[in-house]
Amino acid sequence: MAKPDIGGAPPEQSVFVLELPSDPRVIEGAVGYLSDRLRAYDFDGSRLTLNFRVGMAEVLANAMIYGNGSDPDKRVRVEVELSRDAVSVQVQDEGTGFDPGHVPDPTLPENLDLCGGRGIFLIRTLMDEVRYNDAGNCVRLVLRRDESRRRASGE
Amino acid sequence: MAKPDIGGAPPEQSVFVLELPSDPRVIEGAVGYLSDRLRAYDFDGSRLTLNFRVGMAEVLANAMIYGNGSDPDKRVRVEVELSRDAVSVQVQDEGTGFDPGHVPDPTLPENLDLCGGRGIFLIRTLMDEVRYNDAGNCVRLVLRRDESRRRASGE
Amino acid sequence: MSFHTSKNNGVVVVDVDGQLIVGNRQELKQKVLDELEGGERKFLIDFSNTGYIDSSGLGVLVSLSKKIREQGGELRLANLNEDLRTLFELTKLDTLFNIADTREAALTGF
Amino acid sequence: MSFHTSKNNGVVVVDVDGQLIVGNRQELKQKVLDELEGGERKFLIDFSNTGYIDSSGLGVLVSLSKKIREQGGELRLANLNEDLRTLFELTKLDTLFNIADTREAALTGF
């Protein structure tokens, strides 16, 4: 009764910001929240459950753990622009950055049984656009709602 | 190795801000994060695990659900000032507020088997200071590290 | 947070792992109501592995207790740690529930 | 997220409920390593109830598989949904693991 009407279609575009602590325990809740927002803009299927959820979880984990060094005094700023066409997310940490150009390919046979090194690969594989700033402490991701390319799959 | 030194004593005071989505799924992670911060300032025992965790979870839930009406477009702003003496938390929602003066006592016999109505009672019981602004959409809580009063218990 | 259900001599025993709070209490409620619907009447919730409970978690316990009683059944609680005991005392819910120190004590004479 | 472990004809079966991600993968790792330490050699992880897995979850699986093999044991995986299949294919980890469609298929001939 006192609840706002959430039945109608959402506005053409939503823009919002989160400031998250550098704590992996909030990743699951934040990704769950963001996924619901995307669902309201008709994102669904593996674009939502695989590409968005895994890509987003990776980016947040890297910002919290590598960028902010799990320093509880540092925050991760997430800026989201969401429409029916695409979601664009900018994730900024308070670290000194890194060189995203120099990341070994985890799918090479010699890297296959390494425990780490798949995060950035997955971000790049799952998202449609991935652009780090020069420092490497801010990344802008774009995921389009329709799978317009890549991942030649069965259908 | 690349991790920052987290062994040393924390500074005299920490001040920080979170901007959380109105989604109950982030409450547990946020409370877990905040509890760890308090632990670094020597909060422990039931002051931490009961008073702080439950009081904080209640305040966040009320801000998200009642204040913001679970509206995904609205955020909850959490400002924390933390020292070895006390933690002060200000929680602001984007709602129109309410009158916190008019909340029935859930411990009266006739209210005992109601499902709801224990949130504000618990906040007031567990925290040392609880002050709502005039509108009722912003609350400032203080919890001192040492139990200086109330809750006459065994020790 | 997660729940494990087991059956012990006609008593449905539910272990609550983690927090029982607004984000997940519906799961517990549904689980117990399903068993009630299925004809079960004796329920024990074991809090050995529970962290904290918020007011909506308490509310679910009150609501379940009522619904079970309406069907002629009973809900008992066991293994509340010191924090949880205090929480039940502050809210006077310790007067509403049958609270046992241990699982065994709760199962005895159910 | 939570794990349930059970034993089936000498195979330790672990069900992963929820997400297997950086915030909780250590729990899974510890659970399996404890069993390995205790002498168990055959492991099956069942992903029927798993949501998503991130790179550190994948890392834990790779690491466990290695450690189990070093002790002469084997780790098998079962019940990957379409998303998880794709994840294993994208990372080429489908070539590293014995992945069965069903739990029964995985247990057969273990």
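Each chain gets a letter, A, B, C and D, in the order it is written, and its residues are counted from 1.
Throughout what follows, a residue touches a chain if its C-beta (ideal position, glycine included) is under 8 Å from a C-beta of that chain, and two chains touch if they have at least 3 such contacts.
Treat the numbers as computed from the prediction; the structure is a model and nothing was measured.
**Student:** Could you run down the chains that neighbour chain A and chain C together?
**Tutor:** Where chain A and chain C share a partner, that partner set is B, D.
**Student:** Where centres are the averaged C-alpha coordinates, which chain has the largest centre distance to chain D?
**Tutor:** If we average the C-alpha coordinates per chain, B ends up farthest from chain D.
**Student:** Distance between chain A and chain D based on Cα centroids, please, to the nearest Å.
**Tutor:** For chain A versus chain D, the centre distance works out to 25 Å.
**Student:** Measuring from the mean C-alpha position of chain B to the mean C-alpha position of chain D, what distance in angstrom results?
**Tutor:** 38
**Student:** Could you work out how far the Cα centre of chain C sits from that of chain D, in whole Å?
**Tutor:** About 32 Å, centre to centre.
**Student:** Touching at least two other chains at once: which residues of chain C meet that condition?
**Tutor:** Where chain C meets two or more other chains at a single residue, that happens at 1, 18, 23.
**Student:** Can you tell me which residues of chain B touch two or more of the remaining chains?
**Tutor:** 25, 27-29
**Student:** Graph of touching chains, which shape: line, ring, star, complete, other?
**Tutor:** Basically the chains close up into a ring.
**Student:** Where do chains touch, given as pairs?
**Tutor:** Listed by label, chains in contact pair as A-B, A-D, B-C, C-D.
**Student:** Taking the touch rule as given, give the residues of chain A at its contact with chain D in the complex, in rising order.
**Tutor:** By the definition above, chain A touches chain D via 24-25, 27-28, 46, 49-50, 53-54, 57-58, 61, 65, 106-107, 112-119, 121-122, 125-126, 151, 153.
**Student:** Considering the complex alone, what residue numbers of chain D touch chain C?
**Tutor:** Interface residues on the chain D side: 1-2, 4, 17-18.
**Student:** Which positions of chain B touch chain A when the two form their complex?
**Tutor:** Where chain B meets chain A, its residues are 2-4, 6, 14, 16-21, 23, 25-30, 32-34, 36-37, 40, 66, 69-73, 75.
**Student:** In the complex formed with chain B, which residues of chain C make contact?
**Tutor:** The touching residues are 1, 18-19, 21-23, 51-56, 58-60, 62-63, 65-66, 82-83, 86-87, 90-93, 95-96.
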